[in-house]
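Data block below; observations after.
First chain written, first letter: the chains are A, B, C and D, and each begins at residue 1.
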Amino acid sequence: DIEQVMSFTDENNTGVWDHNVPYMFNSTEEAKKIFECLIHPIKPDKFFKELWERKPLLVRRHLENYNDGWFSTAELDKILRQENIHFGVNLDVTTFTDGKRETHNPAGRAHAPVVWDFYQNGCSVRMLNPQTYSRNVWKLLSVLQEYFGCCCGANVYLTPPGTQGFAPHYDDIEAFILQLEGKKYWRLYSPRSDAETLPRLSSGNFSEDDIGEPILDVVLEPGDLLYFPRGVIHQGKALEDTHSLHITVSCYQKNTWGDLLEKLMPRALQIAIEEDVDFRKGLPRDYMDVMGIANSDIDNPQRKVFLRKIQQLMTKLISHAPVDSACDQLSKHYIHDSLPPVLSEAEKSCSVHGDGERWEKSKKCVVGTAEMEPDTQIKIIRKGVLRLLAEDDDVRIYHSLDNTRIYHGSDPQYIEISAEAGPAVEYLIHSYPEYVAIDSLPLGTLDEKIAIASVLYDHGLLLTSEPLDSIDDDESSGEPDNC
Amino acid sequence: DIEQVMSFTDENNTGVWDHNVPYMFNSTEEAKKIFECLIHPIKPDKFFKELWERKPLLVRRHLENYNDGWFSTAELDKILRQENIHFGVNLDVTTFTDGKRETHNPAGRAHAPVVWDFYQNGCSVRMLNPQTYSRNVWKLLSVLQEYFGCCCGANVYLTPPGTQGFAPHYDDIEAFILQLEGKKYWRLYSPRSDAETLPRLSSGNFSEDDIGEPILDVVLEPGDLLYFPRGVIHQGKALEDTHSLHITVSCYQKNTWGDLLEKLMPRALQIAIEEDVDFRKGLPRDYMDVMGIANSDIDNPQRKVFLRKIQQLMTKLISHAPVDSACDQLSKHYIHDSLPPVLSEAEKSCSVHGDGERWEKSKKCVVGTAEMEPDTQIKIIRKGVLRLLAEDDDVRIYHSLDNTRIYHGSDPQYIEISAEAGPAVEYLIHSYPEYVAIDSLPLGTLDEKIAIASVLYDHGLLLTSEPLDSIDDDESSGEPDNC
Amino acid sequence: DIEQVMSFTDENNTGVWDHNVPYMFNSTEEAKKIFECLIHPIKPDKFFKELWERKPLLVRRHLENYNDGWFSTAELDKILRQENIHFGVNLDVTTFTDGKRETHNPAGRAHAPVVWDFYQNGCSVRMLNPQTYSRNVWKLLSVLQEYFGCCCGANVYLTPPGTQGFAPHYDDIEAFILQLEGKKYWRLYSPRSDAETLPRLSSGNFSEDDIGEPILDVVLEPGDLLYFPRGVIHQGKALEDTHSLHITVSCYQKNTWGDLLEKLMPRALQIAIEEDVDFRKGLPRDYMDVMGIANSDIDNPQRKVFLRKIQQLMTKLISHAPVDSACDQLSKHYIHDSLPPVLSEAEKSCSVHGDGERWEKSKKCVVGTAEMEPDTQIKIIRKGVLRLLAEDDDVRIYHSLDNTRIYHGSDPQYIEISAEAGPAVEYLIHSYPEYVAIDSLPLGTLDEKIAIASVLYDHGLLLTSEPLDSIDDDESSGEPDNC
Amino acid sequence: DIEQVMSFTDENNTGVWDHNVPYMFNSTEEAKKIFECLIHPIKPDKFFKELWERKPLLVRRHLENYNDGWFSTAELDKILRQENIHFGVNLDVTTFTDGKRETHNPAGRAHAPVVWDFYQNGCSVRMLNPQTYSRNVWKLLSVLQEYFGCCCGANVYLTPPGTQGFAPHYDDIEAFILQLEGKKYWRLYSPRSDAETLPRLSSGNFSEDDIGEPILDVVLEPGDLLYFPRGVIHQGKALEDTHSLHITVSCYQKNTWGDLLEKLMPRALQIAIEEDVDFRKGLPRDYMDVMGIANSDIDNPQRKVFLRKIQQLMTKLISHAPVDSACDQLSKHYIHDSLPPVLSEAEKSCSVHGDGERWEKSKKCVVGTAEMEPDTQIKIIRKGVLRLLAEDDDVRIYHSLDNTRIYHGSDPQYIEISAEAGPAVEYLIHSYPEYVAIDSLPLGTLDEKIAIASVLYDHGLLLTSEPLDSIDDDESSGEPDNC
């Protein structure tokens, strides 16, 4: 259906993705490249103009190893053996048979033989947070989250031949389905109403009677991509002669104008009440006689005056709305929701993860003391790992570097800095991706410049253009245990 | 100061108030009369146009018994002896000496001799809720609340000769001070800033240095009235040769446009998000790069687009705002905050408080069964005691009849009725103060009409034009214990 | 059944009770008298030896006005009209028809005509806390609580002719049923098992099949008394030709050795652990191998050693048990649960309720200052209204004087005194019912003696042998408003 | 001091520990061996008879690599680089200088260079849970916990030359200090009072004035051991010319008779009240007159009767005490507190961690199905990893297999089994360490035997004597994706 779905056959594609972590000179650029690979051969501009939040996209690549490397059933087997995977927490085993959707999770750890037993008996296996265990999924999502400016998640679905694990339903996220192994027969259906278009919450399970005619009806093969917006009803079934494995990358859950307004409006009203006496004036003595549901059908000039007043005040509210502050609040949540970045070895060596001070076993002392110099070239380690906020009368840098690969596995992490150091951090943010010398930071004294750079470096927020030089390696005396 | 305070000398006044509870044919009218007496000789129209929420009003009546009857020190003495008055809960003993404000409340019940001991030692006595114990204060407030369409409260202040009990401060309510006994020297000061004009919260204690020059400087005598808006700083001291007793009637606490908007805005946003997909669309991918405090000084076209979008959505919000529903929510709080009405004997006899069924001791049975007839003439017992609301898919009549004279002494009381009966209740509300025949209620069958009238009558919400006739008084057989 | 119930016919009784509040020289004695009247002609010694917590007692008095004065249906009617009685809170309307027990409470206030309507339609009316509204019930319970040393309650039951309002069941209180009006047919049944003898909780509703043969089968007439212990199953039905009104006085709810031990044991253990290192020694390394349900059938010497050790420690616990302190904790609850005392006019005049300082309207000042003198004779106002406790490093007098007639209508009330003043309070407690001179209190200085006496007097805890003399009545100058 | 400390010089010791995980045929035996090595050359019998919970033990080994392998500063360096170590959560940096104890933790992750910077500046480094990151520490503690029958913990302390990181204090655990690197000067002091002997809680920081003369004064060298009971005050300082690294193994925190009684007594009382009517009988009416602090000095026969009654009831309590059940509750906590076991490769291959069903990448299907047979020989995988409990009317096996290496990182894990299967589990527990054939389990049918064995196996609780045979490896058809 040309109008409701965009379908592509990617005739000439020969590329496969590079799964190595690059030294990300510019993480924005790298993120864009990854996304371009994801939707290739569609161009992002076209995608966001014509498809995003509008209609599904199908890309048939006829290149079965195009999506290779992100995940595999073999990796799932390995994870089950090596990690503490729990039923119901990290993994579900489900069936959808004769119109009935069931979950079969026992309690406790999901040992590999137990999971395979369920699989052999026709259960679909859904891994809920592969990014916690798979380095490549982590990598993919940590880069895409920077591209989308919002938290990205993933589920992996393994389906035995000839079975279906889930009932038709719609989700509350934008979905990118990457077919990895085997074949799956997908059917997509339009949202059933305006109210279910771009919905805030996922649906329950539908029956065939609820959902009408499909707008797409296709067999996905390895290498293929299927995108659809939140609200699009979908169901998939593995073909009779093959299992199916795909990964669904998700984003834009609760990342809408409405969500921002929910942060913004209460604060806007609070400010308006503080700043504008009109909001603090008393209601008309007799408003209860003309307002209220029981009076809503009555044509009354006082009602009109009252409603006009409300309209005036609501219009006035706009000028009091602290939009930047509300955006910062949303950003703070984004930072907390984020995966930590995956760093390359090169990046590690130019940050706090590099050698620096270390315990020298033979000398029984610490060696390798390295210090920042005025001409040390520095930059933020990734565009999207930090956010500068004014909060509770403090200036804080919220960052995602100490986040765990488990969603909200740690509390929001922030560094409190002095108000004076704020512009230096802003300068670093706006200079990205370029390196700047510490000496060029907009701060009074060199000591202050070194100090803020050191704090950021110590928390892992900075990259230096080269590994810091050690100042003591040569001088160390070699005296036993008395460096 | 002609500009900041309006002062009157009421040369010709000869009237005193009538403290009897009338049969309130029209409670709105009665309420208006009471308020006119309160501010006499100022007319309400002038008052609300020129003074209300704007500037203080002083009326010197030279008629020392003008305010008589509302309260007296003798009544306070009687209440202390008869009621379970507790320090800190119902009554405070305080001093303001050498610029220091202190509260001297011991624990437990405030027995009269103990309170008078404090008084003899120079303590001011503040009774916090005289309406709970004084029938006349109850009467005054229960009528004024209907006039103002909001909860009214009162404090009584008794001050020993030559002392002051409180530091200069401002309150969060509109204050009407009625001087009852003795003389008090008052000084009023303008709000110190726009932000303290019509403030939402009361101030702490000020020192003389904080408050500037008084705008009013006057000795109140019995019969006088002093009104001032919230935010006006004030202090009062009893003259050296006399004690002082006054009652402060208060209203309009948290009854502003801002308070209504606090109910309205979250619901408006929720509705907008449900009804309008524009509120459910995703934020721009890169909004975090241009928005936020760290970017607020940057001139950027994307920022402008973003801000314009917010402005559009906030403007759209107006059309989704459920103003009537928010007014109903505020009204519901008003009903819960209200004092129950004071009923005259005549009113009692024409309501559920009248004879009706009763236990006949000599016959050892119930007599006096009375029933409503199609031609029974009924009306709501007071304009302001009930509110019809749609809530949680039910139609409810919230009412204040079972409220106690202690603030929030009972939970909000409501009657659930069928949606069909709603218009009959609306009809009764809009017919007020006229009586209507039960038969004329806009409902399908006579049974339904009798049923809704009976429910309202049984909860005390209805007045009949005459006491209901008893149907069994004549027929009763007189057989012992078997009526 | 001579063995299971004790029945009496009180042939010669001619007395009726005196419902006036006496000046209680000795509240213990007065309480005893009231209880003797209650169970007359049984003597208390016999009652507590043979019946209390053992078996029912029936006294048929053939003196229909014997119980008069405590309550009547006419008083119920009056209360419904004058007080704010709420369905479900203060009053229930119920039926038990064809083996089915139902409650018919509507929401809100129970207006008299509405209640009588239910009654006319065959509903029983149960008033839950008549002591709050009936001065005589208050009097009865406030005295009996002192007799029993525990909280006493009451329910009033009005039953229409020929109906039953409740299913057979047992309660968790000792019950004294005083038949007031009409006749009721009662059947009593033995507890069904040891476990249901003196139970801690009331039962649900039983059917006839559950309860066996009655041990008592009697028609109660006005003036009669029926007592039965908690656990005795009972049901009552009004005779066909008459309504029935009775009051059930209840006591000993959660006032058992077990309740005391629940306060005592945790504290005993805590003290033992603090004081005795044996309780702080480690468990045997391998106790888990021999102990636990899975090992309970195994005959093992280590188990025996372990069990013997537990036995030793539990025996040791006895010597650490702070029995007095636990009794005080229970007493504290009793004080909080209590009704305040009913004072006679004579008692009021000799306490803080007497004249003392008062507002003299004509002089516009306080007169009647009265002060305690060294030779003022004082005593505690009632034996049971206070309790001296050591708590949180403070010495506190908990008292019931500021309690309300509504159960737990106020927080526990206490006065904090100095540790030095403790013996003076003990002296007063142990001197009861005799008066002692303030000067004889065991305290260092006269000032301290006057101080503690004043604090107790001001809180209403003391009676003086005569009203305090006023010291200023003659001297007062008569100057207007400047006493 | 020969009486207060036992000191040994281990002249002939030549052994070093074997840090490999053995195939633990009998985990009880293995645990004993590890403990024997820990305290070598003292024998456990002597240790527990003369020293445990009594006095310190010092073993000077003159064998500097005796404790090697458990931990090293080099391993700390590695952990800091590889793991997400957070200041305040996993690691503290502290100083004790001029009598002042300070903690210098910044917020966030403890990157190696930052930690070494603190160290260079004289800070001690304490790692709070090395078992989470060090496999050898995990191994040591997981075995010792089985030996002690209680949770074991560990802290690692790295101290720069010439510094002290902590003030003198005592702890609430039995401490085994293993000196690993460098030298530390230790001083030990006796508990200051009986109340501080075997204390329940750790102390605050002491000054020299608080603690008297040391009972031990020694320099620990690598290979040495120092044990002391909870309550022994201690302080240690690195020698001027060397850093110091030691690990403190701790156990017996809240594992005392008192802790067991805290579980036991409330339940014993509850049972006694249910089972014995004596506990449900009412208190004497007048007990408040003779009991309570205010009466405690009065010699009164009623008091004696009352106290004797309490004594009787407390003695009776003993016979109602559910000791096994309380032990099980304590055991349940132990299981939750435990580290999971460290399994050898051999053990893994004979349990659910072995091959079993697995994904065969080339065949694109699951292969290796293995099933238990009647003659399969099974045993519990470790003596101490599970506990059979009756709880909430269910039979549950609590186990520690799914615990994380972070304390309480997962909820308590249990398997619910049928009451019938209970004896089979008991049989397995009591058969340990011997293998038994599934067929020999005391259960009705073979299916039931296989079923309970499978459930235990699937949760990782069973070892088989040999790896299970795969039943499908030969038969598998090799057809692509359709096994």
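The working rule: a residue touches a chain if its C-beta (ideal position, glycine included) is under 8 Å from a C-beta of that chain, and two chains touch if they have at least 3 such contacts.
This is a predicted model, so every value here is computed, not measured.
J.: Common contacts of chain A and chain B?
T.: none
J.: Suppose chain centres are the mean of their C-alpha atoms. Which chain sits farthest from chain B?
T.: D
J.: Could you grab the centroid distance between chain A and chain D? Build each centroid from C-alpha atoms only and quote it in angstrom.
T.: It comes to 39 Å between the two C-alpha centres.
J.: In whole angstrom, what separates the CA-based centres of chain A and chain C?
T.: 64
J.: Just how far, in Å, is the C-alpha centre of chain D from the one of chain C?
T.: So the centre of chain C lies 51 Å away from the centre of chain D.
J.: Where does chain B touch two or more other chains at once, residue-wise?
T.: In chain B, nothing touches at least two other chains.
J.: Taking the top-of-page definition of touch, could you list the pairs of chains it picks out?
T.: A-B, A-D, B-C, C-D
J.: Can you list the chain D residues touching chain C in their complex?
T.: 48, 52-53, 147-150, 174, 194-195, 197-200, 252, 255-262, 264-266, 269, 272-275, 277-289, 291-296, 306-307, 309-311, 313-315, 317-318, 321, 323-325, 327-328, 330-331, 334, 384, 387-390, 422, 425-426, 429
J.: Which residues, counting only chain A, touch chain D once they are in their complex?
T.: Per the touch definition, chain A meets chain D at residues 72-74, 76-77, 81, 84, 86, 106-109, 111-114, 116-117, 119-120, 161, 181-182, 241-243, 352-353, 356-359, 361, 364-366, 368-370, 401-402, 404, 410, 413-416, 458-460, 481-482.
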